[in-house]
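Below are two complexes that have subunit A in common, paired first with subunit B and then with subunit C.
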Partner chain A sequence: MSDLATPSPANDAGARGFNLFGFLARYGTVIALMLLIAFNLGYTRNFATLQTLNVNLTQVCTIVIVAVGMTLVIATGGIDLSVGSLMAISGALAPMIFMGKIFPVGNTYLAVVVAMVVSIFVAGLLGLFNGWLVSRFRIQPIVATLVLFIAGRGIAQVMTNGNLQTFRVPQFQWIGLARPLGIPAQVIIMAVLVAAAAWALHRTVFGRSILAVGGNEKASELAGIAVARIKLAVYAISGLCAGLAGLVVIAINSSSDANLVGLGMELDAIAAVAVGGTLLSGGKATIIGTLLGALTIQLVRYTLLANGVPDAAALVVKAAIIAFAVWLQQQHRV
Partner chain B sequence: MITQPDQAALLLDMRDIQKRFAGIPALAGASLQVLPGEVHALIGQNGGGKSTLIKVLTGYHRRDGGQVLFEQRPFEVGSPHEAQVSGISTIYQEINLVPLRSVTENICLGREKRRRGLLDWSAMHAEAERLLSRFSIRIDVRRPLGDFNTATQQMVAIARAIGFSARLVIMDEPTSSLDEREVSVLFSVVRQLKAEGVSVLFVSHKLDELYEVCDRVTIMRDGHTVRSAAMSDIGKLELVAAMLGRDVAVVDGHATAFGARDRSRIGDVLFTAQGLSAGQSVRNVTFDVRRGEIASFAGLLGAGRTETARLVFGADRLKAGEMTMERASYHPERAADAIAAGMGFCTEDRKAEGIVPEMTVAENITLALLPKISRNGILNEDRQREIVARFIRDLGIKCSGPNQKVRELSGGNQQKVLLARWLAMNPKLLILDEPTRGIDVGAKGEIQRLILKLADDGLGVLMISSEIEEVMEGADRIFVLREGVSVAELEGQAANVEDVLAAMAHGGSPVEAAA
Partner chain C sequence: MNSARLIGIVGTYGVVVALAALVLFGFLRYERFLGFFNVMSVLRYNSMFALVALGMCFVIMTGGIDLSVGSVAALGSVASALASPHGIAAGVAAGVGAGLAAGLINALLVTRANLMPFIATLATMLAASGSALLLAGNQSVSVSYDSGFTAIGQGNFWIFPIPAVIALVAYVVGSVVLNYTSTGRTVLAIGGGEDASRLMGLRTDRIKFLVYVASGCLAGLAGVVLASQFGAGQPIEGVGWELSAIAAVVVGGTLLTGGSGSVMTTLAGVLLLGILFNILNFENGLGWISLSAYWQSVIRGLFLLVVVLLQARLTGRRGSWPATTSGP
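Now for the complex of A and B:
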């Protein structure tokens, strides 16, 4: 009956020729980004400099790194609120290891490698825990990841007794401060991550399975896709990305404050994904879109700040952009 | 064929009801007459229009045409709540109550008693207890509803409906989740309502129940009322025939594109199932499929056909029974196991369980095939292109290209995409649940011819269809299911429609039934 009652609506949309909403939903982010750049070239002083580019890129890096994992989670129809807290945990754990608070450090290089691997791995394990809650117990993702959103930051604070950890360890801080060929190291990491994820999403069985699970979970299950394993994997990847972003943040700051690392990151990442054109209900995702979305939000904030608008007001504009992007998506889907 | 009871005495009189969804008629001249204090059965196949008719009556849908009189007055309501206030209450299959709140709160929801502006709890508890005692249920009404079993919850739903001083109670498959004892309790409730002058509109697919509790019956098919009669005037066989649109006396024409088969091509046994059961819907099903054979399940809605198919495919868990595939013991835990054993499954609900709407035609076709067209997890795009192009061509899938979104295709072409998904896997057994439902006539014929050709090529096919013509003309063997039990095995094509309908209605051969 339902088959009869709903003929495919998109056929007539195609017949009508140009579809404004469809066009905007597809290219809106690129257009917005280009308009912003054009505006700044005209009105903002010292915009077309390497300095400005680097400032904006370094600021947007951690958001993009987290948002890549978030995109995969959202593509399965889920969401991950715990990323900010996982950043705090990895950001708290790494200095404890390379500063010798857990076990004595012999070789600094070795300690740094162990610190990075272990902290990212721990964040990945916690992500796996999120995935376990979601796939094994069928807890709604927003609730399941709320557990670590709340508990995660608490764990980080307990680990450090709430103290600020400061350090000066160049062997570690290269991921936030080094500039091979003049490009900040974290920008290179971000670029590699974006490229790898974009490729994987469309060229691998794993990527295709992610989109299938988000697009129709029951059909995917019946087609033999291991739905539970896919969900475990995306949450674990989201955790790994958050762990990595946590390290970048503390490397830039030369310090780690469990109260502040990754604070509000979940919302920034979700905003980048939404503005980038990924369906929040799952099944359709674009990593490049997420990158452009993050850049757009960043550039709006920069533009307003550079032109004397206070940060508080910039937040309102940011909210308006996100609301507009989501509204646009809905228009396109109807 | 529609008997007209005395008009002045009618409680409910719906005439010539029309309703279209997106231009497609769901109701075309449906009518329903209910007398005061009677239990009236409303039956029909899936898509027959009975749930739409009920939703029009209760104000959930606005009708496009026709007339509704309730107690001789025109009846116009805009919502189920208004209908309830006006004396028509509905009890849906799913329990639409709030499990976390107390029984009293559930019963009094929306009509709380107040005293000086505050809720009068003692009065409400007393009323809830008084209502439930009518159904011989004595429970602590202060406890949350969710603490009680499904049957009790269902009784609470009924009590709530009657609490509104309803004059007509609509029960939509009320017994589907109840065991035998609970069903008999429900029936005594129905009889009590009747004794108090309340009419009951009873929707069910269990024929025995209808004869046990109903006075009259209205049969719907393709959106209109085909017959209305006293239960005592209509036999089970007639009832089934009217539902399926078959005149029992008429011998088959060629209503489908299946055509004659060369039975010599049928090979050895491919799959067997012995005594399958899983809860209420599948209780004891035994059948087998041979290579190159089209085996078919026939049965009414709720006979357990789809549920059995899901068990075979590992989509639901088996409680008891044995299966073999290619003579080896077969215990699927999930769909992936069935696929590995060489099975494919086109589900009945194409939208919810078949297509991935946001994905392209190509991506949908290769969904189950992904592990086979990749190396180390990386897709081989060339192989995908090649396979997709072949199936688009061979099955005649009408699309703008492999990259068109599958949701933009017509129902028939979506179905072909799903067929392609499984055929690309080179299966040995293909389960087709309602393969031609919701598809236009042309595509229907194409799909039927395709199924025939696949069987000729040695594929074992298990086909489920609610269209009796499809079963009669397409199947080599027919297994008749009735209330979760396989009750008859008949040779297809040679079989008599009457035998099949009789097995669906009575569970035995017509000879036994007549005795």
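Now for the complex of A and C:
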């Protein structure tokens, strides 16, 4: 709102700092990431190995996949709290289909394809429902997605009666376990998704419309952008991403626990988006930034754990990083 | 004007009517629903959530949000359990003190560093959760049963559960502050329009500071009750409390945009969501249906959906109650 180029005391304060803040806000995540890598190369044993890379990438994958959808939602000025619950739903639904609990399956390959398509599609539909609440009824996104945050996990638990579903179906689990050319399959999925989303956000009319809606909704509407349709689309995409991430998680675990799949994912994803430099108020977004943000948070955690700091303390550090990163970006924005 | 007033009345008292209807339903359908034991145990159990929701209500009325309440309550429960061998006062002081510390951090991040409340309290949520785990050594901490500390959660004041009395007192104080003090009016003014309030000379930062500190303290107090009631400080408890509290506040008719709200209907919102669960248990007891506990969250979610849809419809898609707010 305050992007007018009027000289203000705040702007002067920014200039006095030699645009250090501006520089840091722009490249802070990259710098932090490089510093972390440099530190690890020096101090963490066995850091520069393919295995370390694979461990970190596989752990960060699901967060990035969800955070891509979240970035688009946040770019419109919204937020999606339901992603973790949607992961639980798709993670509960897929095994039920390919294990033949809903209808008998003859061909495993066919069943797996149906299971994947249907469960991702269902998550997308639920995302569409979020978008419908937000755009049709003008319900604040926090409240609108809170509905499915609460009900969604319950639905997944009711579907499975809270039971653990275990399975060993290689035809399905390739999305979490396969390693074509030594690269984990989910890393390839993540990379493709990130590239596609980054391209769409910056190079297509759809992407520019998303940013326009987040920047100024009224103006976008007056300029002829179908605001409601854009919002429906981003929440649906966020749902699809969450559905996909749910499948990756259960494939890695060879089991699906509706109580645990995606638990707390909404906060991890939002943190990645915020650290990556996307404005939470909408209008400015970067998919690559989100990827870097997620990698930074993951690498901080890895660094601390690898050097003997307990996981609980890593949480505190993570909190400080999130607060600091967002504070830094605000100095730039003013 | 008339319709605006009608909307205001439905928005404020709708939850009370719904609560009354639900209680009547339970009374007619289940023999022991209004029995002494059931009423008292519902009150005892829900008092923790009531305390958390009260702080949340004030924060939301300023247009903010406090995501940290659940893990702050967990931190408070651990701190008070660790201090409980030194007596009731020490236990309470430790729990509320932990909440105070977390609240101060939130308040500083929001008012000094100008972070969005969502992000500031998200960070505090992670930090409090980590601190609770560190303090407790990754396990639950048993409270001392010799110092009388468990009285706070398990004892009675005359015939009423002490935690329910604490919650009630807190709500009365909160209601008085909101309706009869300049602090309370300023809370609503900030939520209605922060810039306008500041330009009018209201000390917006100070009031915002206060509400986050209060929310932290109340969450810490809820943690004390939690530890005392269940006999242990629980570092991983409190997950999702923040969102249940937000749901209770919204069901109570307070809009997340801030600028309007009511303390007592928030209490009704907490009770409504709590009694839904209670009724589910009774219904299972009748044996006609057998709904697992998992249905609880589905039903709560549906309930929240109905409430927000009604709100959206009543306010004519404007996203705020007329009459009490500055409008779109």
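Quick note on the criterion: the second predicted complex is superposed on the first by the 316 of 334 C-alpha atoms of A that agree within 3 Å, B and C clash if a C-alpha of one lies under 4 Å from a C-alpha of the other, contacts with A are read in each partner's own complex, and residues count from 1 in each chain.
Here is the rule we use: contacts are C-beta pairs under 8 Å (C-beta built on N, C-alpha and C of every residue); 3 or more make two chains touch, one makes a residue touch a chain.
These figures come from a predicted structure and were not determined experimentally.
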In the superposed arrangement, which partner chain does A:Ala219 touch: subunit B (first), subunit C (second), both, or neither? first
Is A:Leu148 touching the first partner subunit B, the second partner subunit C, both, or neither of them? second
Determine, under the contact definition given at the top, whether A:Lys318 touches first (subunit B), second (subunit C), both, or neither. second
Most subunit A residues touched (candidates subunit B, subunit C): C
Partner chain(s) touched by A:Thr204 [first = subunit B, second = subunit C, both, neither]: first
For A:Leu133, is the partner it touches subunit B (first), subunit C (second), both, or none of the two (neither)? second
Is A:Gly283 contacted by the first partner subunit B, the second partner subunit C, both or neither? first
On subunit A, positions contacted by subunit B and by subunit C: none
Counting only contacts in the complex, subunit C reaches subunit A at residues 65, 109, 113-116, 118-120, 122-127, 129-134, 138, 239, 243-244, 246-247, 250, 256-257, 292, 294-302, 304-305, 308-309, 311-313, 317-319
Seen from subunit A, its contact residues with subunit C in the complex are 79, 81, 133, 137-140, 142-144, 146-155, 157-158, 161-162, 263-264, 267, 270-271, 274, 280-281, 310-316, 318-320, 322-323, 326-327, 330
Subunit B residues touching subunit A in their complex are 21-22, 24, 26, 46-47, 52, 313, 315, 334-336, 339-340, 345, 347, 350-359, 363, 367-368, 370-371, 374, 377-379, 381, 405, 407-411, 421, 437-439
Could you pull out which subunit A residues touch subunit B in their complex? 1-8, 10-11, 14, 203-206, 208-209, 211-212, 215-216, 218-226, 279, 283-284
